[in-house]
Amino acid sequence: MNFRTDLALEKRENLSSCEVDGVISKREERKGVVVTTITVTNENGAKALGKPVGKYITLEVTPFMKNADLSDGRIEVLAEELLKLLPKEGTVLAAGLGNESITPDALGPKCISLLLATRHIKKELAKSLGLMPLRPVAGIVPGVLGKTGIETSEIIEAVAKKIRPCALIVIDALASRRLSRLGTTVQLTDTGISPGSGVGNTRTEISSKTLGIPVVAVGVPTVVDGATLAFDLLESTGANAAKALEKLGDHGRERLMMVTPKEIDLVIDRAAELIAMGINSAMQREMALEDIIAIVK
Amino acid sequence: MNFRTDLALEKRENLSSCEVDGVISKREERKGVVVTTITVTNENGAKALGKPVGKYITLEVTPFMKNADLSDGRIEVLAEELLKLLPKEGTVLAAGLGNESITPDALGPKCISLLLATRHIKKELAKSLGLMPLRPVAGIVPGVLGKTGIETSEIIEAVAKKIRPCALIVIDALASRRLSRLGTTVQLTDTGISPGSGVGNTRTEISSKTLGIPVVAVGVPTVVDGATLAFDLLESTGANAAKALEKLGDHGRERLMMVTPKEIDLVIDRAAELIAMGINSAMQREMALEDIIAIVK
Amino acid sequence: MNFRTDLALEKRENLSSCEVDGVISKREERKGVVVTTITVTNENGAKALGKPVGKYITLEVTPFMKNADLSDGRIEVLAEELLKLLPKEGTVLAAGLGNESITPDALGPKCISLLLATRHIKKELAKSLGLMPLRPVAGIVPGVLGKTGIETSEIIEAVAKKIRPCALIVIDALASRRLSRLGTTVQLTDTGISPGSGVGNTRTEISSKTLGIPVVAVGVPTVVDGATLAFDLLESTGANAAKALEKLGDHGRERLMMVTPKEIDLVIDRAAELIAMGINSAMQREMALEDIIAIVK
Amino acid sequence: MNFRTDLALEKRENLSSCEVDGVISKREERKGVVVTTITVTNENGAKALGKPVGKYITLEVTPFMKNADLSDGRIEVLAEELLKLLPKEGTVLAAGLGNESITPDALGPKCISLLLATRHIKKELAKSLGLMPLRPVAGIVPGVLGKTGIETSEIIEAVAKKIRPCALIVIDALASRRLSRLGTTVQLTDTGISPGSGVGNTRTEISSKTLGIPVVAVGVPTVVDGATLAFDLLESTGANAAKALEKLGDHGRERLMMVTPKEIDLVIDRAAELIAMGINSAMQREMALEDIIAIVK
């Protein structure tokens, strides 16, 4: 049974054995955040996990549905993990993927609206404002194919070619297999995103392979396939889940429906703020978080 | 097993027998809309169905996720059903319940924003504008207790006492038991709404009993309890669903999470428009729908 | 020449003499805020100023167009001034007037969305949450006549009759005579608001006279009549402004147009936050501002 | 005195003489729309008018503040004028300039959200959907420099290089000199836009010169400089306006403030819809307007 999930952490749960050649896991807790790093080191691991060779870092945080201060260590841990995956200096381009008029898909665009863009600020100006040194950051919201008529990857490639960043960060909403991950998990990976990889559509891949620079994808699961819920439950009862799902004739429509938590507006607002502030903090190490917040909000 | 549903149609599915004393069902199709009328005629029926004595009309319409013209007969059928439940003349007050900043809960407030309010338009003015005769309609958005500190029922009672309408229409988002009902069903009932009825909290009931005038509740299911999905599936496989759910210790969180379709923004926009136009059309029978739309949009 | 202004401060500027019987002015600076208190003590003063007998307090603050921390003393000064006008204890009802879909008119509704409503929180619950003692506060957004069919004053009277507050705070956007006041001034008054007073429409007055409890109106000017701008300029050049305006045949349309700053979205967001936090802080003197902000945002 | 206006129509009003070598004007009325075409034919005309050589078409329409059906001929006239300025076939790229979080500046982004993007729809698919033939259209929202760190012109050039359109349409909010033009006028020009032309900043020019393809700019005035209002009035009274403005020391702040009508939300919504539907209708001549509206809304 192959349920859709964009999380390496959930893919790993599917592995028959804990010890797989080519898959290394590490789990630690820092500042209240559980950080799990899964490294896929070879093609055997990639095949077993169903994810390309590379690093997958998962941060498990206080659920975004809950009213809690984001400055509880989460932003700092995210900034630290981002810095491990990015070059030490040079212009960074951030791209917020997704459709801003569909709430659970609006994570990327919302995030860019809170980005501290600095590429256009001349060194002299920054100095005179007492802001020096600023690392150059640029941000774009490419929109979605159905609204623009242009592949997201085409727009990103075009802009990257023009402004020549040293690295790209793409932010996008993800699908998870479990409801309990929605709005509680942040995934970072250096493998980029390949929305079409499963269907052989390489045209849409956004990765270091296609762009020639490091690409870090950051995401938060905001939707889950309605059927995965049922499947997990079935399995937990000892039933033959796969067989059961086959019988699902009359529930066919439900199986295809993607669902999202009732509190999705809150989840998107807070997840976007966490990621934006994590990026801002990683980029401008010498600025205090309060000063960054005062500028972008 | 007692899953939460606000739909009489789904309650009826739970009945052990098709023939229950005190519950009468009728099903017909009009202008492409399947209209099911369930009438609870006595206390035995009320107990069996778990719903007060009264009428429950369900319209099954083209899913709101789909891009379809609302003027396909739906508005007219809704207007006709509303008229059957309301007095022929006199001021009607409409109240849009729910929290407008939580998308799946924003149905009521969105609906009122598209209402054609006319109570303040003097007869002479209407006549001079060529709008005569206008039936007086007023609308309020009472907000939610957590934001206002005032029970929804308190605000409605207060305003009703002041403006003395002949009937009240309350619009609210509903919970359904099945994903497949989300955004595809409109329920009307003359029993009002009793959010707290299950927990003995009569203070919050909004009905003809508490207000002394006919109260028609109109709703669209926009959320479903994550666990009901699983339960239905379990049952369909012949498993002992109730027992299975008991084991659900680690999924406890998922069980409590209310989910909503990914396309909830679209669902709310269109459902609110359908209900508002249904009310507007029912109230102003002599105005063409296009003219109403031109005024309120 | 009688230009529209809702600010007593601007009315006073029109007085032929600085010393008018029945009008007392006081000016002081506290925590970076210029506080001007104009007291109209008798009918002579009321006639001269064109404002009812009562107190008018104006806070001149950093323009809301500018990106500045609201916690610079403004919230505290506003809270202090509010407390002088309100009873020391008892439930307070706040009403956010205006149309939330017209940006410059959305001050009131936006403000209520940031209000800390507490009337529904039982003493025992508050205590167990460590929040005790909470002063009861309730908030409503009555909407506008054209959308609801009900006078704002009718809704407020109805709700006040139901929940029996000891005082009412009404928040509304104001008109000023000078562009330079837009988004830079907060006015408080204990005379309530009388939108229709100039046109003899007492039905719409919201004041201690009509409600029987203290009514404090808080507002920020967000619009200015296009013609006042021109008039002021004309006068400053020594031209006969009144005569000049008479000639304005072809600019008739411009004269009637109300204008607002280009940055009105920012102005409304920040002004609403300042007023809401001022009220929250005045009501819950024992809670830290950070804690209030964490709850309402 | 050099007041800011982006309208050629207003520049022409400043000309000392009606007959200027290099400036040709034509005025006609079609379907209720007054269409004025100003053609600048040589450098003398460009100097006199303060606008580059090219065509400037102004449509005077029913004010967008008024609740009127857009399908009153306006969309059709706009489509016809667009077609005169664009190649008969080939991919067209539309770019919506401006900041979507500042209401009077959000015209461009709002417009793109209503664009019928078709570039990604394969011929075969369109045929099977009965949509054939579709002219390829793509749309982007480049954002603003302060939020993205990238010049609008850089993003447009990059995307144009990638997708090779035969022409570009840029949509942007404009400044006018008169309040009475706000929300009542649509300007089209084949000269592109040169935000920095006055300050010698050619880097930001978006025109056929910089892109090598026809560039049509479409705009609606949404803001006016506060001082222009005063100036016009002064002049109309026979006062020495220039001198008067010099004295304006204490009104300095007002002079710099850009103002917008109180009803700016309505103006932006309707102007964006008019322009989007004009473009959609011009591009897909064989589709009925109702069908286009049903798809994009």
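Think of it as A, B, C and D in the order they're written, each chain with its own count starting at 1.
Note that in this section contacts are C-beta pairs under 8 Å (C-beta built on N, C-alpha and C of every residue); 3 or more make two chains touch, one makes a residue touch a chain.
Just so it is clear, the model here is predicted, and its values are computed rather than measured.
Asks: Please state whether the interface between chain B and chain C is built from the same residues or different ones, using more than half shared residue numbers as the mark of same.
Replies: Same, since over half the interface numbering is common to both chains.
Asks: Once the Cα atoms of chain C and chain D are superposed, what angle does the rotation have, between 0 and 180 degrees and to the nearest 5?
Replies: The superposition gives an angle of 180 degrees.
Asks: Just how far, in Å, is the C-alpha centre of chain B from the one of chain A?
Replies: Averaging C-alpha atoms per chain gives centres 37 Å apart.
Asks: What whole-Å value do you get for the distance between chain A and chain C if each is reduced to the mean of its CA atoms?
Replies: 44
Asks: Find every residue in chain A that makes contact with two or more other chains and list them.
Replies: Only 101 qualify.
Asks: Taking the complex as given, what residues does chain A use to touch chain B?
Replies: 101-105, 178-180, 182, 223-224, 226, 229-230, 232-234, 236-237, 239-240, 243-245, 247-248, 250-251, 253-254, 257-266
Asks: Quick one: in the complex, what on chain C touches chain B?
Replies: It is residues 101, 112-113, 115, 117-121, 136-143, 145-151, 154-155, 157-159, 161-163 of chain C that touch chain B.
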